[in-house]
Each structure stands twice: as C-alpha cells, then as structure tokens.
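Have a look at these structures, which come just after this line.
Shared chain: chain A. Partners: chain B in the first complex, chain C in the second.
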Partner chain A sequence: MAKTLTISIMEPPYESATSTTSLRIIDAALRKGINVNVFAYEGAVSLTIKDQQPHPNPVHGTSVEEEKHPTTKFFVASLFELAKEKGVKLDWVNCGFCVDERGAGNWIEGPRRGGPPQLHEWVQESDATLVIPTK
Partner chain B sequence: MKKILCVVETPYRGTLEEQDDATLWLTHSLKNAGSNMGVLLRGNAVNYAVASQDPAGVVIGKLSIEHPVYPQKNLLKMKQAGIPVHVIREDVEERGIPLESLVKDFELISGSELPNLFSQYDQVWHW
Partner chain C sequence: MANYLLIESRDPFEARDVSYFYGLAADLAAQGDKVTLFLVQNGALASRKDAKGNPLGTVLKGKVEVLVDSFSLKERGIQDAERHPSVKPADIDALVDHIMANGTKVLWH
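And now, the complex of A and B:
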C-alpha cells in the first residue's frame, strides 16, 4: 500500500527558495510512488493563482518566449500531471481564509478550498507530516 | 544624480522561480533608467561571486527551469554596464570560500573599509 505524506507550506511564491524546495520535495515524493497531500497556508495559496503570467526580461533583453518563465502555477499543474502519470494521489487544499484575505481565489485546475479540519484529517491518516514555514 | 549603493545580504531569494535575483534585477534596471548604482555583497550573498556555481538541471513535474539565474554572470554584466561590485573579504573567508574561486572582476574589500565606501554614496539600500 502506498505511503502518504502531508506537507504544509506557508511560503509565498517568488520570495525565497523555500517554495521551490517544497515543490521539489512534492516532485520527489510523487516519483517514489508516495501519495501527497498539500495544505497551502497563508502566502502559499498564491502558488496556484491562475492569473500568474510569464513576462519578458528587459534587463536581459529577452522576450516572453525567450525567457520561458515557468511560473509556480505551471509547476503545480505539472505536479498534478506527474501524479496522474505515476498513478498516485496529489491532493492540494488552499486555506480558505488565507485565500479570502488575499483575494487570491482564481486558481488553476486541481487545488480545492479547505481549512484546518482538512489538515487535521490528513495528519491522522498520513505516514508523515512535513511543515515548511515561512521565515 | 544621487549615487546609490545596494547592499545584498540574502541570496537566492526565489531565484529559481524568478529566473533572476530581484535585487540585482532592480539595481540593473535602475542603472538602465539612468541611476548611478553600486552593489556590495555581504553575508551569505558573497556566494554570488563564486565563478563556478551552476544552478542548471532543476525539474519540477514535467517542467524544467530552462533559464536559471547565474548571479555571477549577471553581476559581471552589471559591472560591464558601469555598476561597481564589491565583496566583503571577511564574509568570504568566514564561509570557507576560497578567494581564488571568486570572479576576478569584483572588488574585494575589508569590513574596515565600509565607512569609506558608504561615504562615496548618497544613499545605502540594505536588502
């Protein structure tokens, strides 16, 4: 029976290496056949905002196409694809209150709205829980 | 024209997701806009001066980061654009980073020289 890892992420995108590392841990777990639950808390709810747009880089003189900026929404969408391919579950809950206070409710397909009761349930059912806070 | 020194202390803040360092990017943008800028690397940010660092190869899901930031190369371009780049020698040595591993074009300065450096600028921005 596949193991299940619950991860709580607090870090917003584009501010530190923490969110990237969190996504890489999720990637590694999925590749090992581990089911992953993600509880996106506070700024981390912005990882999946649908309105994120790649941009050109005038300092480097590159266009949008040349820059190929992989926004975090694309990374998360790709993780859902990977989970499907590997036959494991990726469940992603964005904390509803955190979403509301930020007006950050327009997401890509995949994440759903939830709250601490969901995290509580996951922690009870999971083999391990990893908390990745912001600093 | 006011002269501004940007002190960078925390490196690699979202650099994989941004494909850039936001502070260096803003500094270079301000220079392009006509500002008179300088950069001082201190603390962990002295690692930005290491010549051989290579962030290539990160893949998340099915997406790879195709244009990761090479801060040492960006800093070199900034220097070529007229932005002096200073690195605090003691912060390099404390971290066990060999001085010969740094990009040669950046100026190593001692902490005791900072007052003199700051006096050359109208404003010091500590990021």
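And now, the complex of A and C:
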C-alpha cells in the first residue's frame, strides 16, 4: 500500500526559494509512488491562480516565447499530470478563507476548496507530515 | 530513542535564530536521539568550511548527521572543495526518504 505525505505550505509564489523547494519535495514524493496531500494556505493559495501569465524580459530584449518564464500554475499542473502518470494521488486543497481574502479563486484544474479540518484529518491519516511556514 | 529530521532553510549569518535550531539538533543528539540536520536554500551557505564564526561548527562536533541539498549548493556556486567534509551532499530524494522514514518527527525552520 502506498504511503501518504501531507505537506502544508503558506509561501506565496515568486517570493522565495521555499515555493520551489516545496514543489521539488512534492515532485520527488510523487515519483517515488507516494500519495501527496497539499494544504495551501495564506499566500500559497496563489500558486494555482489560472490568470498567471508568462512575460517578456525587456532588459534582455527577449519575447515571451524566448524568455520561457515559468509560472507556478504550470508547475502545479505538471504535478497533477505526474500523479496521474504514476498512478498516485495528489490532493491539493486551497484554504477557502485565504482564497476569499485574496480574491484568488480562479484556479487551474486540480485543486479544491477546503479548510483546517481537512488538514487535521490528513495529519491523522498520513504516514508523515511536513509543515513549511514562512519567516 | 526518537528520530528527528530538522530542515534548516535559513542562512545563520542572516538570521540569529538559526543558532537555536542548530542547538536543538545538538541537544537532541546529545540526549541519545537520532538527528539529521538537512540544510536547504540559504541554509546551504553554512556548509562552507572556511566561513568565519560559523555556528554550525558546534553541531559538526556532535553526533548529528548533517546533509546539504545538492541543488542549493549548485544554485549558490558552492564547490565540493569549499564544503566542510562532515557535511554530506544529498538530493531531494534523500530528503523525502528521511521525511517518510517510520516514526520520524520533522521540523522545518
């Protein structure tokens, strides 16, 4: 039976290396056949906003296509595809209150709305839990 | 004996409270617990052997296993020759293995 990791994240996108590390951990766990629960709250609910757009780099004189600017919505969508490919579960919950505060409810396909009771339930059921706070 | 995984993401030269996290690792190991300290992001800067006044030195004298994220080392241009020999490079897979090890308590700072 596959193990399950629950990870809670609160870092907003494009702020610090913590978002990248969090996504790397989720990616590595899925590749190992581990089911992953993600509880995104506070700024982390913006990781999955559908309206994110890549941009050109005027300093370098590069176009959108040339710049290939990565967006977190793309990374998270890739994680859902990876989970499907590996036959494991990625359950991603965005904290509803945090979403409403930020007007950040237009997501890519995959995440669902929830709250702290979901995190509590996951912690009880999971093999391991990692809480990544901000500074 | 308990198993602890302490993940340090901060540079000890930027944030003073990193020393307390190192101290926690050292104290847990001293009382007989199995402790791994995993350095990631700017936490990797502490792995440099020639860093002056580096508080990680006290941890390295004890029984704590100290690992550093290879990706974080590359991002910061820290070469193998610059790394303290007691700090072992590890990839993100190793971190996940430690997180998932039975009964391990994981703390992120």
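The rule we apply is simple: the second predicted complex is superposed on the first by the 135 of 135 C-alpha atoms of A that agree within 3 Å, B and C clash if a C-alpha of one lies under 4 Å from a C-alpha of the other, contacts with A are read in each partner's own complex, and residues count from 1 in each chain.
The working rule: a residue touches a chain if its C-beta (ideal position, glycine included) is under 8 Å from a C-beta of that chain, and two chains touch if they have at least 3 such contacts.
All values derive from a computational prediction rather than experimental measurement.
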Legend entry - First, second, both or neither for A:Ala128, with chain B first and chain C second: second
Inset, instruction - Determine, under the contact definition given at the top, whether A:Ala2 touches first (chain B), second (chain C), both, or neither. - result: neither
Legend entry - Which of chain B and chain C A:Phe75 touches, first, second, both or neither: first
Inset, instruction - Report for A:Glu67: first if it touches chain B alone, second if chain C alone, otherwise both or neither. - result: first
Inset, instruction - Return first, second, both or neither, reflecting whether A:Tyr14 touches chain B, chain C, both chains, or no partner chain. - result: first
Inset, instruction - Please tell me which partner, chain B or chain C, touches more residues of chain A. - result: B
Inset, instruction - Report for A:Arg24: first if it touches chain B alone, second if chain C alone, otherwise both or neither. - result: both
Inset, instruction - For A:Lys32, decide between first (touching chain B), second (touching chain C), both and neither. - result: second
Legend entry - chain A positions touched by chain B in one structure and by chain C in the second: 16-17, 24, 27
Inset, instruction - Report the residues of chain B in contact with chain A in the complex, numbered from low to high. - result: 12-20, 22, 25, 28-29, 32, 58-67
Legend entry - Of chain A, residues touching chain B in the complex: 13-17, 19-20, 23-24, 27, 57-60, 62, 67-72, 74-82
Legend entry - Residues of chain C touching chain A in the complex: 9-10, 15, 40-42, 69, 71-72, 92-93, 95-96, 99-100, 102, 104, 106, 108
Inset, instruction - Name, in rising order, each residue of chain A that touches chain C in their complex. - result: 3, 5, 16-18, 21, 24-25, 27-29, 31-32, 34, 127-133, 135
